[in-house]
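Every chain is named by a letter (A, B, C and D) in the order it is written, and numbering of its residues begins at 1.
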Amino acid sequence: MTKEPIFDVAQIAHVEIFTPKPDETLWFFKELLGMEETTREGQSVYLRAYEDFYHHTLKVTEAKEPGIGHVAWRTSSKPALERRVQALESSGYGKKWIDGDLGHGPAFQFETPDGHKMELLWDVEYYKAPEHKWTKLLSRPQKRPLRGVPVRRLDHVNLLASDVTTNKNFLMNQLGFRLREHIVMNDGSEAGAWMSVSPLVHELAFMSDSLGGRGRLHHVCFWYGYPQHLSDISDIFTENEIEIEAGPGKHGVSQANFLYVLEPGGNRIELFGDAGYLIFDPEWKPITWKEDELDKGIIWYGSPLPAEFFMYGTPIIEPAKV
Amino acid sequence: MTKEPIFDVAQIAHVEIFTPKPDETLWFFKELLGMEETTREGQSVYLRAYEDFYHHTLKVTEAKEPGIGHVAWRTSSKPALERRVQALESSGYGKKWIDGDLGHGPAFQFETPDGHKMELLWDVEYYKAPEHKWTKLLSRPQKRPLRGVPVRRLDHVNLLASDVTTNKNFLMNQLGFRLREHIVMNDGSEAGAWMSVSPLVHELAFMSDSLGGRGRLHHVCFWYGYPQHLSDISDIFTENEIEIEAGPGKHGVSQANFLYVLEPGGNRIELFGDAGYLIFDPEWKPITWKEDELDKGIIWYGSPLPAEFFMYGTPIIEPAKV
Amino acid sequence: MTKEPIFDVAQIAHVEIFTPKPDETLWFFKELLGMEETTREGQSVYLRAYEDFYHHTLKVTEAKEPGIGHVAWRTSSKPALERRVQALESSGYGKKWIDGDLGHGPAFQFETPDGHKMELLWDVEYYKAPEHKWTKLLSRPQKRPLRGVPVRRLDHVNLLASDVTTNKNFLMNQLGFRLREHIVMNDGSEAGAWMSVSPLVHELAFMSDSLGGRGRLHHVCFWYGYPQHLSDISDIFTENEIEIEAGPGKHGVSQANFLYVLEPGGNRIELFGDAGYLIFDPEWKPITWKEDELDKGIIWYGSPLPAEFFMYGTPIIEPAKV
Amino acid sequence: MTKEPIFDVAQIAHVEIFTPKPDETLWFFKELLGMEETTREGQSVYLRAYEDFYHHTLKVTEAKEPGIGHVAWRTSSKPALERRVQALESSGYGKKWIDGDLGHGPAFQFETPDGHKMELLWDVEYYKAPEHKWTKLLSRPQKRPLRGVPVRRLDHVNLLASDVTTNKNFLMNQLGFRLREHIVMNDGSEAGAWMSVSPLVHELAFMSDSLGGRGRLHHVCFWYGYPQHLSDISDIFTENEIEIEAGPGKHGVSQANFLYVLEPGGNRIELFGDAGYLIFDPEWKPITWKEDELDKGIIWYGSPLPAEFFMYGTPIIEPAKV
């Protein structure tokens, strides 16, 4: 209670996803969501939204199955990185330092208790636009693309976990994430937890993997800032045979205006028309949604979620096989 | 460079404004902007937007002239408050502790170099809705009002200063504000500075007081989150003889979707259709708008600002008298 | 083919609905949808949206059961009225002239083959705002109300019919309605028909009454013009225990942005965020949605329709009793 | 008064504009406004918006100076065409029949008293999308383009005239246009007139040519239907050095949400976020804006119009030369 908050993790830096259909996945992100390709290397393509400042925020890597490669977090400073690495190492979940990747310097690898691969880093490379993409809007690293309905920045990642509470506690204790909202079932178990290191309601959520998987991805989310863009992209998805799973609608949790879609490689992508409310209160008491008031928490209004929303993740597990 | 950031100030807590026409000012905030009255005492009425969590975010106090009473900031913790009070005291701008006010506990009073009254506090009282205002949207402290086009939360304050740089440095050094964007004139002087303690581009801005005043208010801003609401409230302002000074339009600085209006007491109020971009980069290099690229910085598109925008503040100074 | 179109009917003039809960129904229309009461007489209250020009567009009459009282159409001229009365009389569906009602002069009563009561009229009384509601927006008959999320005008009516084709033909042949879109099932029967006398896709639709009822109401629709208002009113409906049946979403038929809700008296009300596309082509070939492409026709994207959407109408018929 | 309305003209069919910079003009319409090229012939390129049903709605023809080529109107039927040709011939403003052009059959040419070239026609060719552009949204002739912020349909044309009243009367008397709104100066002269053959407030407006020109174009307007798209395209215009003349904002006249921009060839283009209100009243009394209430008529709220708005037209006349 008298403990002061940890401010060592600053933001989600990038996410790597796997896809068995790299061409189609890239078409989806580049032509429909207007994302920009920074570079390619090996089986990976590095992308960013047009208001993302760093080298990339999405790394798309060819693989046999869809799923999450890793999630990278940037710390608040270099000493903050050192403090968090120390904490991770003593937690037993730390793994090792790597030299870096395209777009960033040394990174410390670790895993969540559920086995999701993550990295912590400080040194990043900024995107530098070629001259024909320069804009007079100085807070925008490049011109708005003329393709599709372009997303503006990476927003958050939602991971399935075999045990929400354990994974939540790990991130709160070792990295300083704050719990913002969670779902508590009648038996006392947590079915979902939304956590952040900033005033956003979440940069990271864990939801219970009802198929008993470990280390799976539920979705990655990009942000528009304007609800109309969810209608625009829905029009385009529907005409281009991209399956909209749910939305547009408004979540109770986070109050965000959402849309869920499956990219051609099979990963679920969320788009935010707006990110909902922001939390500035330093003493925030987590919102608890009980099992019997869950309906409004999940969908405040608009399109309901299909049953598969609570089971489908990547890599895919067939419900029958469980 | 190796110094770690200060995270001791968490948010803007409330603002007090003066009005010579309290009834009309309250009609404006309550009937048009849908704000809620918490209580009254003496010559003051305490208001909040329906998604503000504390007792109040706007204190309206009757006075001979419009202007700013004080701005209150909440710290990140109790020890953080103590650290900042110490810093303020050694800066020479600290004043004294007060026991508190309706809605909060002990507060430390200080002044900016320009003379704007401010407070730093930790203990706050949360708003508790009566039963008929309870909502199932658990992150909302009460139902959305059915009056006017209701604003959702206090966003920021913009102050006129005789010397932008001095005041900016004071807040950066003593309270840990980060500079996000600023305007630098050809002679090297700063004409405006936008600062924040959160990913918002600003909770506080200083703009140069071209009439040579000290301690004046430029505007207080409330947030909608949806651009359509600026159109809706513009409709209502126009029909109800409330003077729209500028907007709707989009600022280059902050990328926010804005509207400026004069409340009946004479204070300028800004409304944000959306707050623009968020800054998560812990190494953010401030955006510098030079004098000759200033146009796009002030208005990216939409309604231009009239000349009086750069002179009018409260209390009012007649340009002729300068 | 060489026949020229009939332009004798100009618009939907007003709709009368029945409610067993007049107080709650009026609260819904006045406090949530911001409608204005013109006057009351007997068991009826006369309402209009703030951009409706006539005395009223909605007459709410107390009755034992919810349902439709009548639908009134205004002709293009007085001679046009005479021509259509003649046509109705020779069709066998004409009934009789009445002297009028509050807000309009003589009206000719008739029934659709399914038994929906309708009127045709020419003389109307215009709404005259009291001085405090005058607005400088000269095309608006009064100021925008400050209550709820105010609707702007009556848009259309949707009626359940035991036989869509017969009723459709009646209105096309006798009154000059043009068929804009329709649903044709695999057995060749029409399951729905959208018709208009203007560039709107419909002022009137018939849908097949799957419970075998006659003369029932499916819904009455009011228009906003801006999609955001469907989100705003959804927020308010959800917080005030008003049941949203479906939406917001976008129909394939008409391309309109819709929301369906049950008013407290039991009648289904639709709200249009926007009315979709307009038809100016004088040779318009009706759009035919076949049974197997129906899904996209009903919901282009967004919230799906529940099964009850295709059965529930007023007066209510219990599915079990059929 | 007992005269029945004329319903012989159904819609604006297409507009031809001249440009001295065809490549740049086409880049503007195709890459920024997402318009589709149907075909080219000689010095002309034929374009349409993606929800326009006919072969083309915009013909862009290379010429030394920008300006209007002609405006084509489609009648309600073939007999209606014959009736209107007869009226035009007896008016003295009829010219001659031509065999047609790409996309339509025989057309009757005429001129307004001010000298604007116009055509009246019945036979049109419908656009047929190639298979990869087919959409399941059956009321849409092709998929929504993935380029720029695509406009949906041609809305209206606004012409400068040396004498508004004469030109207005000509179109009302010969073609059956209805006057919807107009501006009347203190000296009794009409400074502007908005007219339509449909519930739209206008398909055609005349504004007084303050530079004394004849037969000039003020602007051509395309329609989005959603206000957000004006913000989106403003972003793109600003970044791509396209001059926004005014907007986004809301007109008092028509209540439309507008944006004015100069295409690279020099013609003013208007974009409608929404078209405002619709007029269904068959006895509509034209709205009269007097000189002293004109401000609100022109700009209800938002970006004011610069002085050049009332002088600039194409072909360009230099104010100094007058």
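Everything below uses one rule, namely that a residue touches a chain if its C-beta (ideal position, glycine included) is under 8 Å from a C-beta of that chain, and two chains touch if they have at least 3 such contacts.
According to UniProt, the chain labels map to these proteins: A, B, C, D = Metapyrocatechase.
As the structure is a prediction and not an experimental result, all values here were calculated from the model.
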So which chains count as neighbours of both chain A (Metapyrocatechase) and chain B (Metapyrocatechase)?
-> C, D
A student comparing C-D to B-D should find more C-beta pairs in contact for C-D
Taking each chain's mean CA coordinate, chain B (Metapyrocatechase) and chain D (Metapyrocatechase) are separated, in whole Å, by 44
Distance between the centres, which are taken as Cα means, of chain D (Metapyrocatechase) and chain A (Metapyrocatechase), whole angstrom | 46
In whole angstrom, how far does the Cα centroid of chain C (Metapyrocatechase) sit from the Cα centroid of chain D (Metapyrocatechase)?
-> 31
The positions of chain B (Metapyrocatechase) in contact with two or more other chains are 136-137, 226-228, 231, 235, 238, 296, 300
Chain D (Metapyrocatechase)-touching residues of chain B (Metapyrocatechase), taken from the complex the two chains share | 227-228, 231, 234-235, 237-238, 244, 247-250, 257, 296, 300-304
Complex contact set, residues of chain D (Metapyrocatechase) against chain A (Metapyrocatechase) | 31-32, 135-137, 143-144, 146-148, 226, 228-229, 231, 235-236, 238-240
Would you pull the chain C (Metapyrocatechase) residues touching chain D (Metapyrocatechase) in the complex into a rising list?
-> 2, 4-5, 7, 10-12, 51, 53, 74-80, 136-140, 152-153, 181, 198-201, 225-227, 252-255, 274, 276-278, 280-282, 287-289, 293, 296-297, 300
